[in-house]
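We just call them A, B, C, D, E and F in the order they show up, numbering each chain from 1.
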Amino acid sequence: MSTPEHLKWPADAGCTAVPYSVFNSEEVYELEQEKIYNGKTWNFLAAEAEIPDKGSFKSTYIGDTPVVVTRGQDDEIYAWVNRCAHRGAEICRERHGKSEDGVYTCVYHQWAYDAKGDLRGVPFQRGLAGKGGMPKDFDKKQHGLRTVRVVNYHGVVFGTFSDDTPDIESYMGEDVSHHLKRIMNRPIEILGTTRQYIAGNWKFYSENTKDPYHASLLHLFHATFGLYRSSQKGESIVNNDFHSILWASSGSEDKVALDDMKKDKLRTLQTGEYELHDPSLLKGQQEFDDGVTLVILSLFPSLVMQQIQNTLAFRQILPKGKDAFELVWTYFGYKDDSEELRNIRLKQFNLIGPGGLISMEDGESTELCQKAIVRDGSRTNVIQMAGKEPVGDDHLVTEGLIRGLWKGYQDLMGF
Amino acid sequence: MPNVTTPELKSEVEDLLNAYAQCIDDDDLENWPNFFTEQCLYRIIPRENHEVGLPVAVIWCDSKGMLNDRVTALRHANVYQVQWYRHIISNPRILSFDGDEIHVQSNYAVFKTCNDGESTVYNVGRYVDVIVRDNGILKFKERSAIYDTHKITTLMVIPI
Amino acid sequence: MPNVTTPELKSEVEDLLNAYAQCIDDDDLENWPNFFTEQCLYRIIPRENHEVGLPVAVIWCDSKGMLNDRVTALRHANVYQVQWYRHIISNPRILSFDGDEIHVQSNYAVFKTCNDGESTVYNVGRYVDVIVRDNGILKFKERSAIYDTHKITTLMVIPI
Amino acid sequence: MSTPEHLKWPADAGCTAVPYSVFNSEEVYELEQEKIYNGKTWNFLAAEAEIPDKGSFKSTYIGDTPVVVTRGQDDEIYAWVNRCAHRGAEICRERHGKSEDGVYTCVYHQWAYDAKGDLRGVPFQRGLAGKGGMPKDFDKKQHGLRTVRVVNYHGVVFGTFSDDTPDIESYMGEDVSHHLKRIMNRPIEILGTTRQYIAGNWKFYSENTKDPYHASLLHLFHATFGLYRSSQKGESIVNNDFHSILWASSGSEDKVALDDMKKDKLRTLQTGEYELHDPSLLKGQQEFDDGVTLVILSLFPSLVMQQIQNTLAFRQILPKGKDAFELVWTYFGYKDDSEELRNIRLKQFNLIGPGGLISMEDGESTELCQKAIVRDGSRTNVIQMAGKEPVGDDHLVTEGLIRGLWKGYQDLMGF
Amino acid sequence: MSTPEHLKWPADAGCTAVPYSVFNSEEVYELEQEKIYNGKTWNFLAAEAEIPDKGSFKSTYIGDTPVVVTRGQDDEIYAWVNRCAHRGAEICRERHGKSEDGVYTCVYHQWAYDAKGDLRGVPFQRGLAGKGGMPKDFDKKQHGLRTVRVVNYHGVVFGTFSDDTPDIESYMGEDVSHHLKRIMNRPIEILGTTRQYIAGNWKFYSENTKDPYHASLLHLFHATFGLYRSSQKGESIVNNDFHSILWASSGSEDKVALDDMKKDKLRTLQTGEYELHDPSLLKGQQEFDDGVTLVILSLFPSLVMQQIQNTLAFRQILPKGKDAFELVWTYFGYKDDSEELRNIRLKQFNLIGPGGLISMEDGESTELCQKAIVRDGSRTNVIQMAGKEPVGDDHLVTEGLIRGLWKGYQDLMGF
Amino acid sequence: MPNVTTPELKSEVEDLLNAYAQCIDDDDLENWPNFFTEQCLYRIIPRENHEVGLPVAVIWCDSKGMLNDRVTALRHANVYQVQWYRHIISNPRILSFDGDEIHVQSNYAVFKTCNDGESTVYNVGRYVDVIVRDNGILKFKERSAIYDTHKITTLMVIPI
């Protein structure tokens, strides 16, 4: 399916102006499922730690296509579309679990598959007492499940439907892979999951995770306690257009920048007015030598990895139609965490997730946008902070990463 | 375990549960921390984590101070749309009472109403409480809201 | 204000609240006015009006006669689709008792089921009641249903 | 409206492969309402016993068009679309009831119709005091309700919108009419109704009721207690492509077939492991001399009639969009049932309906399919058990009836 | 966007027959948003009394486009689309309130606007410590909010998106403006609001408010107590096709007409059978010298103003898709009301609103229609009471106002 | 009929109703039959049948054995998606007590949560119970769940 004319991008818009229709069109959504999620992209499936043993499996999605990721008896990781080759029933019906015998049986007629998705058993294939059964020319090999190409990159499992998707490292780019490896530097331990259902288009959230500009203005808790400020030392990095890294060091502070900020008289800075009754919340540990206290790694289209203070998490973006997406948070630490550090993480999780003191507003912001753009689909937003190029910068006062997102998006979508 | 409690105690426990719900529903959040002891544990936990032994909570406060900080934050820092809760609390059961700690369990349903005026089933689950007497008044030493509703719509800012 | 009531009174109040709900849910509406005193005030008020001090109510009856007229109207004049209510009432609290008037507050959720068979959250809010003893029987001198659910689906014909 | 090109069936698919888009397309759904429900099909409206008296009526649907079936003062049965000829309001607002005077009055402006759907009264037709009123040329005869062609076949009332639909007996075919008459052999008594709302495409359920293959594999309760097994004596019959009969005798058992079944080591057979604490549930009566204990009569598109042990029921399929349908169960016995037999039926209803120990999985299976086919609409399922022809067989190890369904479906839809 | 061929009106239908598809088509709904709500119509925004002070604001909609109406520091009234010019977030997040400093700040990145919708502040516009910031050529003047043309007509605030919409008085016409001024003859006091969400197309409600025919037949309470009857003295007036006035005097009664009515033996007249236990409900005051006790002013597309006995209210119609709309009731009295009169109004509000003894059926009627017209989109209703012309009359036995509605609708929509 | 019961009995009845709900919501179904007497009647009945005198029930068990068979079936035979119930029980009323049988009525709302994490209003209605003392413990001799929610979503496998 080629891109319909009436969906084409405004000629002059480039990557600094996005027509609102892109966030509110069923047609665009359908096209995204084909060109993005079914196309040349790597999608987050699971942390390897979520499927630790032979027979472990997890149900998830690529876009809105249900997919199961498994660990075979050969200890390899596989994935396939969660749809029986017989008459289309969902095969795996739990979120995660373990298949002791490594067999995945559809409940409807008990066709049985292995972890690879190959068809192993068809009840009554040869009939009963010579009656019925499948045709002689029926070949099980021709009736496996639709498989997904999988890679396990430093403990993070990705999948793609396309054979043309470049290898994972070239896909993500140098800085993104560096930061992924930085966080995944040793075995992790899954600490739990939460799920948020947000009534906004998934791309508003993609923008949000590439937007250092909002961080110091929307998240007042964040800003007030100096966990992050655009005036801090940090960087905004674009890799391959639509992937990005944001990092900052809360210690450092550029005084001049801070003064400039204060000039703006924003409701951002409430320092003094506002003190924690229980400061233990922010008593963290400096666990990385580079002194970086905040990293937002945004790997298009479905993964955000984060370090904020001592909190570590995967955020998986699952589109659920043009005006909703699910955000799945998977929180983790390291296998070798001291009990003290583990408790620090558990307490600091108050900062992130659906009730996160500094992250709850991100979901809110996507809903604010979705509500406001129901009409005027041909009008556009304005993405010009720090210029008009789809590039990063050595600071946090830019929308360059968002411009990168839209440049890459237009290419993929054939807009 | 047999229920060794007097009707008076039972009624007192119910009053605590009810007053707590009313405090939140009436948006009297500044008073909410006063339902807890100084040293306390308040958690909102997804049942799917709880059942497999994973510790992550949406909100995790282990001191009255942290409860107060939550209230300050939602009043002065956090950004969210106007929303009202309505708690329906059901079948409280006193599971044990050793003369000191009262272990209580109850079911709850919280309905959320935003500006569009629709009341939706926002969060259902059960409270697991440890209640003690503090200067003559019953307070929560521990209160865990273990929720079934994994799908949290938009965000969770007001305590359950 | 301290709760100066006996368990007996508390139980009697709960019975009144429960019997009231059952009366409506069982479609025994002809009996509904009998839960009120001759001179009474029954109102269904949107919380958004109540909180800014605006007086408008969806239903406003200041006599038992008006309650009876509501019932006659819905039986003989008004046109609406078949619908059933199901009241869930939660945490009644006796806020004060001066020996005469009992001031009570409770939460409620009303589910509506029409011919399509789906039960929806129709109206949630709180009851604010003034209860008195009338010939030995507790009755509502005032009952206000202050509802969160601004978005009233279709119409409101059966009392809350 | 002719069938759009892009909906056409895959050239080579025939009746052994169905593209998943057929279950998940608004366009297909709209087309079905026109070509199937508004076309040459007979649709179940009611059991005659549901409208026993003059003035009795019942509200139901043909597809998703609201229809009322009535019994007139002349004791004839009629049906019409439940939409006032004046300004389109729903006229009949109860599920069923009785109009004592045989008049059906719209509440909006009180236009009054009789059981036939003819317009009888128009308030103020001649105005008030010479003012207003309808034009002189207004002719009530021209403003009746849209009527439905009705037939009462052995106590089962069917309706069609098309004058070209063949008479009911040729429509259903020999075996279907035989089995309908077998069950409707004497006056029935309605025992009650339940309604299920299932989040799946209605055709998944049609497949399900023509599928002896699943019966012994999905319904473990069913199989375990030998109420039904594919190894039992029975038959699969196709009439006019999309109607079908499945019957089996629980007494009989083909030993060879049973052994073949056991070879498959399916989780189907738990005999021994599993015993009823209260066997009274299955203590039924042999009420038909032919020894047949299970009959599933599937009359496309909207009726399934069943005998399972001593349970008798109509199942009406009401589509509610591309991904949902309502299943209305109407349970019955015979007017001359002994109290004992009546109680047996009431107890055995535990086996069927929304909570039926052997039927609850059928709704579940349609939802499993619907969830799994949201994408890959051009991919197809595989329907080859017992060959590739749309025919029945003298056994229960076949998908031939489902192939018949799809052959007939393609003809009707112009695919 | 021009009107697609397949939506065109049936050639011969004119204004006496409306194809049901008009009430049940997404395409038509989208077109209405463009041609009606974004076109040459004046839409009710607020009563001036709802935004009494400098800084007062109210959030509402024009069609389904979110709009904010404000009172500036210059005491003028303004309105703009509630969507930030930066990245599209909703700016004003309360239903109504007061901005003390007259500034409206988007929470996402704190871009600040004034009451006019002009952009006043952009955080970090000049960057921080020389880093980042907006491009030199960024001109705040070019990035204000999308504004709405506003008029305050005798205390009622209207807005339009089109510069070509005629001035408000020529738009509404003579009689409509007369009756608006009659009600708005002195300062009003807002007494409260209620909201109804009705599962019907908004145009069914437009018809309803131009339909004296239904009033005496659907609303039995109404009729029984002679608050209104088609036999009363009154008038039906059309202004500019789709605006209308209905008025009646409950005192007056045309005996002949009443007798004619009785002849019809309608379930309308239950006088005698039915008495109020508490007559205080209907003990009103004659507050207008003209003796008119009922006025329904219907200003297409979004406002209905009413006087029924001593009840005064605005009803705002907000479409929410093809099959739902919200009806917002704003009840009022006059600033100089005696306490007695105020209490009469509060008590008489029992007659109107979502639980109104004589108005609850109006919402119901639109749902009855919506349920019934899901199919047969090319079939039409019949609008011939009092002839076939889109005109008013000196009585209340007509559908002429509804014919006017459809004549005007076809013109606007290009049907 | 006058309520001739002691507060103790009332409290004991409430404990039974609450424990029953908790048993189901905690998925402790193997214990569910123990809330009934050996000879018992448990039914889940659509209100639309009940009101016109039609006998059909969705689940109909007239012995403790049948209750156990239901549990065995749902554990070992039936196929359905993972789902949790959450019972909210409201206003229990003791309608009569003849020293032997206690006739009790209450309202209930059951919320269902499946893997998608959304909690929906699955089934609302009322319990009509006959309770007796069996070896000192209150048990259900009869329990009928008469539900308003005709539209059963997907299926009904877990008891109400």
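Criterion: contacts are C-beta pairs under 8 Å (C-beta built on N, C-alpha and C of every residue); 3 or more make two chains touch, one makes a residue touch a chain.
Note that the coordinates shown come from a computational prediction; the quantities given were computed from them, not determined experimentally.
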Set of chains adjacent to chain A and to chain C | B, D, E, F
Could you tell me which chains make contact with chain D and chain E both?
-> A, C
Out of C-E, C-D or D-F, which pair touches the same way B-E does, with over half the contact pairs the same?
-> C-D
Measuring centre to centre, with centres taken as mean CA positions, what chain is farthest from chain A?
-> C
From chain F, the most remote chain by mean C-alpha position | E
Same residues or different residues: which describes how chain C and chain F meet, taking over half shared numbers as same?
-> different
Rounded to the nearest Å, the gap between Cα centres of chain E and chain F is 48
Chain A and chain D, separation of their C-alpha mean positions in angstrom | 44
List the centre-to-centre spacing of chain A and chain B in whole Å, with centres computed as mean CA coordinates.
-> 31
Give me the residues of chain E that touch two or more other chains.
-> 93, 95, 107, 195, 197, 218, 361, 365
Out of chain C, which residues touch more than one other chain, so two or more?
-> 7, 79, 81, 88, 90, 109, 117-118, 121, 150-151
Looking at the whole structure, which two-chain pairs count as touching?
-> A-B, A-D, A-E, A-F, B-C, B-E, B-F, C-D, C-E, C-F, D-E, D-F
Residue ranges of chain D in contact with chain F within the complex | 95, 190-199, 218, 220-221, 224, 270, 273-274, 276-278, 280-281, 326, 331, 346-347, 349-350, 353-355, 357, 360-361, 363-365, 367
Per the touch rule above, chain F residues touching chain A in the complex are 79, 81-82, 115, 117-118
In the complex, chain E residues that touch chain A | 33, 38, 63-66, 81-91, 93, 105, 107-110, 121, 123-124, 126-129, 131-135, 138, 143, 146
Tell me, which parts of chain E touch chain D in their complex?
-> 20, 23, 207, 213-214, 217-218, 230-231, 254, 256-257, 260-261, 264, 266-268, 361, 365, 368-369, 371-376, 379, 381-388, 393-398
Contacting residues of chain F [partner chain B, same complex] = 7-8, 11, 14-15, 17-19, 21-22, 25, 84, 86-90, 109, 111, 113, 116-121
